[in-house]
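In the two assemblies presented below, subunit A is common to both, partnered first by subunit B and then by subunit C.
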Partner chain A sequence: MGLTRASSGLNALRESFISLNASSFLIALAGNPNCGKSTVFNALTGLKQHTGNWPGKTVTLARGRYSYRGLDFTLVDLPGTYSLLASSVEEQIARQFICFAHPDVVIVVVDATCLERNLNLVLQVLETTPRVVVCLNLMDEARRKKMLIDVPLLSQELGLPVVPTVARDGEGLEKLKEIVAAIAAGILHPAPKTVRYNQAVEAAVITLEKQLQPLLNGHLNARWVALRLLEGELSIRQELEQHLGLALPQNVIQLKTKKGVSA
Partner chain B sequence: MNTRFKPEQILERADGIAAHLGRENIRDSIVTALYSRAESIAARVVKQGTARQPDWDRKLDNIITSKLLGYPLMLALLGIIFWITISAANIPSQLLARLLFGLEDLLSALLITAGAPVWLHDLLLQGLYRTMAWVVSVMLPPMAIFFPLFTLLEDLGYLPRVAFNLDNLFKKAGAHGKQALTMCMGFGCNAAGVISCRIVDSPRERLIAILTNNFSPCNGRFPTLIALATIFMGGLVTSAYRSLTAATVVVGTILLSIAMMFFTSWLLSRTILKGVPSLFTLELPPYRCPRVLQVLVRSLLDRTIFVLARAVIVAAPAGIIIWILANIEFNNLKPLNFLAGWLQPLGMAIGMDGYILLAFILGLPANEIVLPILLMCYLSTCTLTEAGSLADLSTLLIQNGWTWLTAFCVMLFSLMHWPCGTTLLTIFKETRSLKWTLLAAVIPTICGVAVCFLFKQIAALLEVI
Partner chain C sequence: MQMVTYLNCLAPGSSAEVVGLQATGFTRRRLLDIGLVPGTRVEVIRHSPSGDPTAYKIRGAIIALRREDSMQVLVLKL
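And then the complex of A and B:
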């Protein structure tokens, strides 16, 4: 649909379409670049966020609202990412939102035509929260490429609900809304099957997890935090230290301000 | 285990284990496990049908992004779009002009019977209505054709291929390859383009992208370019090649503007924003069949009507102010003439005149109002009694001393001058710095003045005027 009025001119300055409503459920929309995330966003909310066939055009957190069976949902369109683990701007924004903004449900939009690459992100998201639904989008293209996808098996392998959709035709979106509502309302409890790592890592995770649990108080998934601390990626570590209420070491602060100024 | 650990202790513990196992080993094993799990699930879940389609995506990409054909194809595509736009817009433009000027007589009769005083009649009809009639008939048809065509290319997935082709050039200019995408975004709207610069990770390269985004002509400037090229550039050759010439000139000026963008990017990365370009992987998305109907509706409503409405809504009150400034007197001096006269030397030096420069300055709120304001300035100062068609528009401009060189310089200056107010505001918001915002206005302006000055001098030397 190209550039729209809502995404150009003075409107480009607006960070979001609507303000956050306390009484509505917060739904995050994550996915790889170019998997049709913005199309799903527009189809669900009736808004006209800029969609275009290129990666990386969503750089702001577009926010929209929809209601389903009398319940209010606020949908946040995250930038497209392949992973939550690295330090690019898109990944930071997506990670911070999924981990620290505590969305009630995370919809991970997945390109059905390249499932393998897209599943990588799903596996990372389900490590942070069990409240995940997979939106298996672009089913029309998969059909055109004569690909057969065993949806029940996929759902079973991930331990998550999977909804096949063709967002630009509206196919499957009612079902998606239904599942999102069920998870948000606490009727449906997905039990994701998290990835198991090698023995040494798992042993270390178990030790740290136990110590982290009382500290995190259920705000963050202890297993995820343990894994990230072991990995030691700088930007994630800073986020976690902030979350745990630790003052940033002096050199880190310097590094941060330097980055901002030298811009 | 009931002991509560302090955060510092846990971090220390984690660092200890990590040091023991080796961070690299941990990262490797995590990433490997994620990938192999994704692979094994996909392998079990996806069954490829027997009739595997030929890989035409790849084949097409090999042609479109090839070293030999990439650039010529890009140029040809751009040229074809403008050629279609210009040649197809001609007839609807004439019809619209005839319709709107036909209404003028009716409105005039209405105003006279309603007992409106002469000055009000002249102000509303000669100042406002006539400009609007011209602007609508000159701008509406090209926009209605150009915007859907461009949007179709975007939906199809051509823009990332453009980025792929240009990547090497950007690297040579010391800029980030993703700047090609922000540049393409700027073709729609520079404010949106500046915001999209967030996809560039390194702050140095992001600033280069922001500072040079204005060199891509936005929605508001395309109509001006197309209209002026159609009016002036077609006249040089026989009618059969008119549209082709006009399209070539439009493409040429845009290429020049993009060349300036590369040049300033290069200059910036060698002077105040020194550094090495960072690497990135650009993914070519699959070609997708665009939704033709939706594209038509959206580009008509969101771009064409929007740009036109702004041209009319903002320019109308401006027209009244201009009319007043042109007709009242302070100490025997009419303010509009005074301002334009003051700008005249500079305007003349760069192939334009004082009124054109004034129109660009007054056009700061939005680029689409530059042309209407300019027409109002001319109309309020000279007495053009007959205005009934599109041809009279070029008569008006020629009466005010325009030649093809003037039109060419206006096109160039339109491509290279300060960004519109909205874009400046966006740049300030993104950089949080008055210095960079100011620089974003100064850089293109200097380029525009220099290029126009050069063209004017060359033309004078060659005595082609």
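And then the complex of A and C:
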């Protein structure tokens, strides 16, 4: 099945910025494939978006709404991805949404039975935005496999709220809604731990970050953009131009080759 | 004696630990994202009938890699 530009959601992405009800908070739902993300989506919104046990079933963005204590939330179900950095269509959609649609909160759903594999995405998301809550899903399966997860320690290590859930049975979802509402309303400010790289990379990041800060004007995390540029990723330049109308001056790019650092 | 070799050189049933990647750009990113970072343990599960790709167990998931990718992963045979 071929994915054309129109069906891949890049246009839908735009539309989703515009038609959003102004009084509604925008919540993005991210996660690895097969971690129960769509089940969380359905449980929160009461919708019956199709769920199934095969990869790649959420390629376009599904939207749904729910309210909690009189507040209105629009939930966007992003395609399941292992990463925000490589350039498959799914990853591009997820990344562009998180970076450019400015969701008020990002819920990262992780599979409690396979934390090691799932935390990669959590780390990548928290490099772009601090407004993140981790939904530790499939806790029933973890219990069945006799796995014990130290939730407070995980939360402390990440610097993020972590909510254990069994989305299938609705367990933990009230708590999840409460945390999401608190972050959206600005009552709770997660302070995620910043991932530090080696000295050479950090030095280059700081130089780039200073140049990027005034250009990005708070629209995007300058540190994150600096890291992507250092990785030699070209799509980020294109995306900045497309979404923010920002053409990076040539000297920003030159620094990359001069330093010759690869992350 | 411990021996550094390439991931594609291991026989099914053997295990190894990743020491580095020789891939660059997109392939490097992809290999890192599927969990092949230095220190990761990899188990060789089986070859496909044609000999390529090969299934590996990486951090709790079974992932098939083509030879052109696995030959860029440096491992320490365990």
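For this structure, a couple of remarks:
Everything that follows uses one rule, which is that the second predicted complex is superposed on the first by the 222 of 263 C-alpha atoms of A that agree within 3 Å, B and C clash if a C-alpha of one lies under 4 Å from a C-alpha of the other, contacts with A are read in each partner's own complex, and residues count from 1 in each chain.
Just so we're on the same page, a contact is a pair of C-beta atoms (placed from the backbone, for glycine too) under 8 Å apart; a residue touches a chain by one contact, two chains touch by 3 or more.
Just so it is clear, the structure is predicted and the values come from calculations on it, not from any experiment.
After overlaying the two complexes on the shared chain, residue contacts for A:L119 are found with subunit B alone; subunit C is out of touch. Judged by the touch definition given at the top, the superposed model places A:F100 against neither subunit B nor subunit C. Touch criterion met: A:G232 reaches subunit B and subunit C at once.
Of the two partner chains, subunit B is the only one touched by A:P33; subunit C is not.
By the touch criterion defined above, A:L154 reaches subunit B but does not reach subunit C.
After superposition on the shared chain, subunit A has more residues touched by B, the comparison being subunit B against subunit C.
Comparing which residues of subunit A touch subunit B with which touch subunit C, the overlap comprises 113, 116-117, 120, 231-232, 262. Those residues of subunit C whose C-beta lies close enough to touch subunit A in the complex are 24-26, 29-30, 33-35, 59-61.
For subunit B in complex with subunit A, the residues that touch the partner chain are 1, 4-5, 7-11, 13-15, 17-18, 21, 23, 26-27, 29-30, 33-35, 37-39, 41-53, 150-151, 154-157, 159-160, 163, 178, 181, 184-185, 188-189, 191-192, 194-196, 198-199, 201, 203-204, 206-207, 219, 282-283, 285-288, 291, 294-295, 298-299, 301-303, 306, 422, 425-426, 429, 431, 433. Residues 1-5, 7-10, 12-13, 33-34, 48, 50, 52-57, 59-60, 88-90, 113, 115-117, 119-120, 122-124, 141, 144-150, 153-154, 157-158, 168, 195-198, 200-201, 204, 207-208, 210-212, 214-215, 226-227, 229-232, 241, 244-246, 259-260, 262-263 of subunit A touch subunit B in their complex.
Subunit A contributes residues 82-83, 85-87, 113-114, 116-117, 120, 231-232, 262 to its touches with subunit C in the complex.
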